[in-house]
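What follows is a group of structures, each given as structure tokens.
The two complexes that follow have subunit A in common; it is paired with subunit B in the first and with subunit C in the second.
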Partner chain A sequence: MFFHIVLERNMQLHPRHFGRNLRENLVSKLMKDVEGTCSGRHGFVVAITGIENVGKGLIRDGTGFVTFPVKYQCVVFRPFKGEVLEAVVTMVNKMGFFAEAGPVQIFVSNHLIPDDMEFQSGDMPNYTTSDGSVKIQKDSEVRLKIIGTRVDATEIFCIGTIKDDFLGVINDPTTA
Partner chain B sequence: MSLVTDSPVHSSSSDDFAALLDAELEVGSSGSSPDEEDVEADGDNNNDNNDDHDDDDDLDSQRNKRCKTEKLEDLEESRGSTSQGLIEDKIVIHAELSLKKDICTHPGSFGQMCILCGQRLDDESGVTFGYIHKGLRLGNDEIVRLRSTDMKNLLRHKKLYLVLDLDHTLLNSTQLMHLTPDEEYLKGQSDSLQDVSRGSLFMLDFMHMMTKLRPFVRTFLKEASEMFEMYIYTMGDRPYALEMAKLLDPRREYFSDRVISRDDGTQKHQKGLDVVLGQESAVVILDDTENAWMKHKDNLILMERYHYFASSCHQFGYKCKSLSQLKSDESEPDGALASVLKALRQIHHMFFDELDCNLASRDVRQVLKTVQEEVLKGCKIVFSHVFPTNFPAESHPLWKMAEQLGATCSTETDLSVTHVVSTDAGTEKSRWAVKEKKFLVHPRWIEATNYLWQKQPEENFPVSQGKNQ
Partner chain C sequence: MSIEPFNRLVKLAARAFYDDVTTKGDNQPKTGRGDNRGIAVVVLDALTRRQWVREEDLAKELKLHSKQLRRTLRLFEEEKLVTRDHRRETAKGAKIYSAAVAATVDVQHGGKEGEEKIKLHTHSYCCLDYAQIYDVVRYRLHRMKKKLKDELEDKNTVQEYVCPNCGKRYNALDALRLVSLEDEYFHCERCNGELVAESDKLVAQDVGDGDDNARRRRREKLKDMLQKMEVQLKPLMEQLSRVKDLPVPEFGSLQAWEARASAAGRAINGDSGSNDLSRSSQGYGGTPMPFLGETKLLGPAWQVEVAFSGLDGKEEDAKSESAGTSLKVLPPWMIKQGMNLTKEQRGEVKQESKTDGTSAQPDFSDDKKSTIGTDDKKNLQDEYLKAYYAALYKKQQELEEAAKKQEELSDIPLSSSHSDPSKRQVGMKVKRDDDEGDDDIDWEEAPLAGNTTESYKVNDLNVEAEASGDDEDDVDWEEG
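Presenting the complex of A and B:
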């Protein structure tokens, strides 16, 4: 799910960045530091959308660095257990398949693929129903349900399932 | 759910995410019955959302937030149910969930979560399959299960597994700085990296390397892929392995994600079939290093080393000029890969078409042995001055090799002997061989026969007079 929230961060800035462009420097450093990172609580920070407020700077003795408390708005993405997501298949093998939804890497084990879909090896490995009507292969778009999530510093891992109603392939690259 | 983008955010602490969720919950749950919350409070899964790594807050607020998060998740889950019967539905869902959790054997993990129930797992049991995907780990039972389903699938397609070593088996690589002056010409002859499927000599500047593919390798891979599901398994590191896979298989039709490097092995300096998802009774290995496969010698076809570059010769202590220095190469139609392909065809044919027992009970290791024993079948070999005096002849590698190839070995000459193996034509037995019109061959005849899985023409291995030939 996406959220638009306000976060706060203490930014340390080198004295060379002070002056007229102080605020711009702060913002660009903030973007560099924060965008694309993950936190367990908020998930993946997709983009900073605005600065709410920059607090009073605190000069550090000795180094001359100044710490500014910065409040900023950002869009975060965080998958939840039970959430239904759409994802693109990146790899198919005999253990199941891997899919990505933005920064989130999802594994769907073959235990959680419907029993009537069977693995077919070859140069384009896939899971296919016996009548051949449904096929999951690399670049297929699937709708899956998250049953477990874990957020690292830079990555989000999920376990997913398509063994449920209304889940599975939503777009087959070969017929598109 | 896209209902959040314009949500009002007033409060100032960074903990407002929880408050935000709360606010959204109000919106989301406006239509549902109040009873629902009670059911959720009794729910069983309040323990598994512990993925807050960077929490610096007190536990209370954390717990608080967690509760809220869960409410949200449960709401998500129940979207689509009608409000009638919602409560029963939820109870059933929860009962099922808890049941699942209790009996889940946790067959494997991805990102430290069970691949079946999604629960967080912290023990590090099983085998990692990093070459397939980062963070993937499978338990032993799951490996067994996957192997056996895969095996059925494979046998139905009349295929076996083939594990291929890279260096000295399919190709030869050298560091650019190890090129000798008389190899400098190679730099001008390297093939384009644009379309690698045509070339065989590649300069990989970004890796400071040059790689030469073994003659016949493209035909070999193409034909072997029809009989085998193939793996690369190298002692090189992962980036090297992937780069070589690109050269050998630019269209990714042979190996897919089955590229295993030393970073993926479970034991140092050893290669093991534990990371190969194939049953050992159906795996054939091609490698030039026998010692890397201590536990799987019966699956191994030992390859004659391909030394193209001078540095490779030096590394193995050969003083002679390398193929590159001689501006020469291994024979395409009669080289090691062409010979071994013939042997593989024979093995494949025997496994699928000649054995009587049922498919699942067949063992390719037995077939390997049988095919190998055909090579020198009917030969009776006597060694003359090949082994050190007082050395127990039966335990000498050459003796054993000859026996593995199906020959019988003897210490005494008699008329049933077919070959005398010696390095000196002047010995008594050598002279006897000439007189009785038996083959007199150099020991290398056995080695070459062993590598090529084919009896080699005796006249190519003559024995010269005197101690040094």
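Presenting the complex of A and C:
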């Protein structure tokens, strides 16, 4: 799920960035530091949309670096158990398949793939129904439901299922 | 179209899901004496025999404490089985309801009118919500099944993997760390052994440690539960599918229901409702009043079909009874909408007037009723009347020949056998042909032969015997 929230971060800025462009330098450094990172609490930071305010800088003894407390608005993406997502398959093996929904990696184990889909090995391993009408392979787009998440301080990993109503392949790259 | 299948659904659901329910105040200790299991079922059953009912009255009738009843009803409200309505009302306001009740339900609320109170009291009313009950029960069954099946199929469970070499356990959330680039299996981080999925191991049953046994037992228990559920709830599921395509009984809000009920009540009281009662008890081939369980409905009484009397009364009695039963299943909430009768119902009324004309005692009341029933259709009938006469005259001439042949076969006077074939051609319901034919005999005979007392009565009572005869034909045309 996506959220638009306000986060705060203490930014250390090298003295060479001081000057009339200080604020721009601060913001671009913030984007570089924060966008694409993941915090277990808030999820993945997708984009910074604005700066709320920049607090008073504090000069560090000895180094000359200055620390600015910056409040910024950003869009975060945080997967939840039970959430239904659309994802792109990145890898298929005998144990199941891996897929990505933006920054989130999801593993669907083979017992959560419908029973009528069987694993076919080869240079393009895939799961296929007996009549061949549905095929899951690399780059297939699937709709899946998250049934578990592992949230570390800097990483979120999910496991999902496509063994439920309205889940499964939504776009087959070979027919598209 | 009936309320009965829905009531059966409610009763089945009550026994399936609420048999064991106890509703207790939080402060009451759980003693054997306070055990009120089964009350929920009693209350639901009672509600199937009522429409909107004031909760105090229901409590009195069920000999329950009103607090206890309220607790039960609150539960049903939460479970979406009943709709409730609370309003502050004076004694006068209560009377509106009482009047409505008196119109629909044969329950005496003696003395209520006598007590004039100016104080406002909050009264609660409740009523089964059949449409919602249908949905709720279906949803409940669906959830029960889904939950068991999901657990059985290990849906939504995190797959576990075991290393057969060192016994280290992993689960699907570790998958990212376990993938190997060399083959398509997961590998142990410690010894690089090929991991085995836990469920596969379970099926293979190679290692019988206690954990696995517990899991297997659990699966068997789940399977057992699922099977039991299928068996035990089968009647309920069957009832659901039976009810699926039936129109759902709808009582509307309390206000709407009251308005409708009292309107219908006035209509009945204005007419000779008592006459209807006595007549139906006399058993003039007419059906008994439609009953809604214990509660008797006066509403549709005047529409009840009465015997087609006449020469062969027995056969017709039987027929009208069957017709009556089909009438009886007409849901009372529809009939109560008053005088807006459907074509078919209107037909019934007119047949009544016709046949009662020929039958004996209750002629007057029936006649009166029939005019009430048909007044607004008079113009239409006149149109039909003209058209019918033209057609009939033509047909009768055409069929003169055929009639003569039939004359030899029957004792029935000539003119009656005229109309018999002509009737058939006019196009009535096929299944009614025989009976209608017989009815015609009465009618056609009356002016010509005049050999029964009934037919004389017709002439006396219905100012235009001919016209009422046309009413009847009219009906046939509409039906045909």
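Throughout what follows, the second predicted complex is superposed on the first by the 171 of 176 C-alpha atoms of A that agree within 3 Å, B and C clash if a C-alpha of one lies under 4 Å from a C-alpha of the other, contacts with A are read in each partner's own complex, and residues count from 1 in each chain.
Following the convention adopted for this analysis, a residue touches a chain if its C-beta (ideal position, glycine included) is under 8 Å from a C-beta of that chain, and two chains touch if they have at least 3 such contacts.
Note that this is a predicted model, so its numbers are computed, not measured.
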Superposed partners subunit B and subunit C on subunit A - clash or fit: clash
Subunit B versus subunit C as contact partner of A:Asp164, first or second or both or neither: second
Touching partner for A:Leu58 - first (subunit B), second (subunit C), both, neither: neither
Which superposed partner A:Asn93 touches (first subunit B, second subunit C, both, neither): both
Partner chain(s) touched by A:Asp123 [first = subunit B, second = subunit C, both, neither]: first
Which superposed partner A:Leu112 touches (first subunit B, second subunit C, both, neither): both
Contacts of A:Ile147 with subunit B and subunit C, given as first, second, both or neither: both
Subunit A: partner with more touched residues, subunit B or subunit C: B
Touching partner for A:Glu8 - first (subunit B), second (subunit C), both, neither: first
On subunit A, positions contacted by subunit B and by subunit C: 91, 93-96, 98, 105, 107, 109, 111-112, 121, 125, 147-150, 157, 159
Partner subunit B, residues of subunit A touching it in the complex: 1-9, 39-42, 71, 73, 75, 80-84, 91, 93-96, 98, 105, 107, 109, 111-112, 118-119, 121, 123, 125, 146-153, 155, 157-159
Subunit A partner contacts - residues on subunit C that touch it in the complex: 153-159, 172-173, 175-176, 179, 184-186, 195, 197, 199
In the complex with subunit C, residue positions of subunit A that touch it: 91, 93-96, 98, 105, 107, 109-112, 121, 125, 147-150, 157, 159, 161, 163-164
Of subunit B, residues touching subunit A in the complex: 1-2, 4-7, 9, 12-14, 16-17, 20, 45, 48-49, 51-55, 65, 69, 72-74, 76-77, 107-108, 110-120, 129, 132-133, 135-136, 138, 146, 149-150, 153-154, 157, 229, 251-254, 256-257, 277
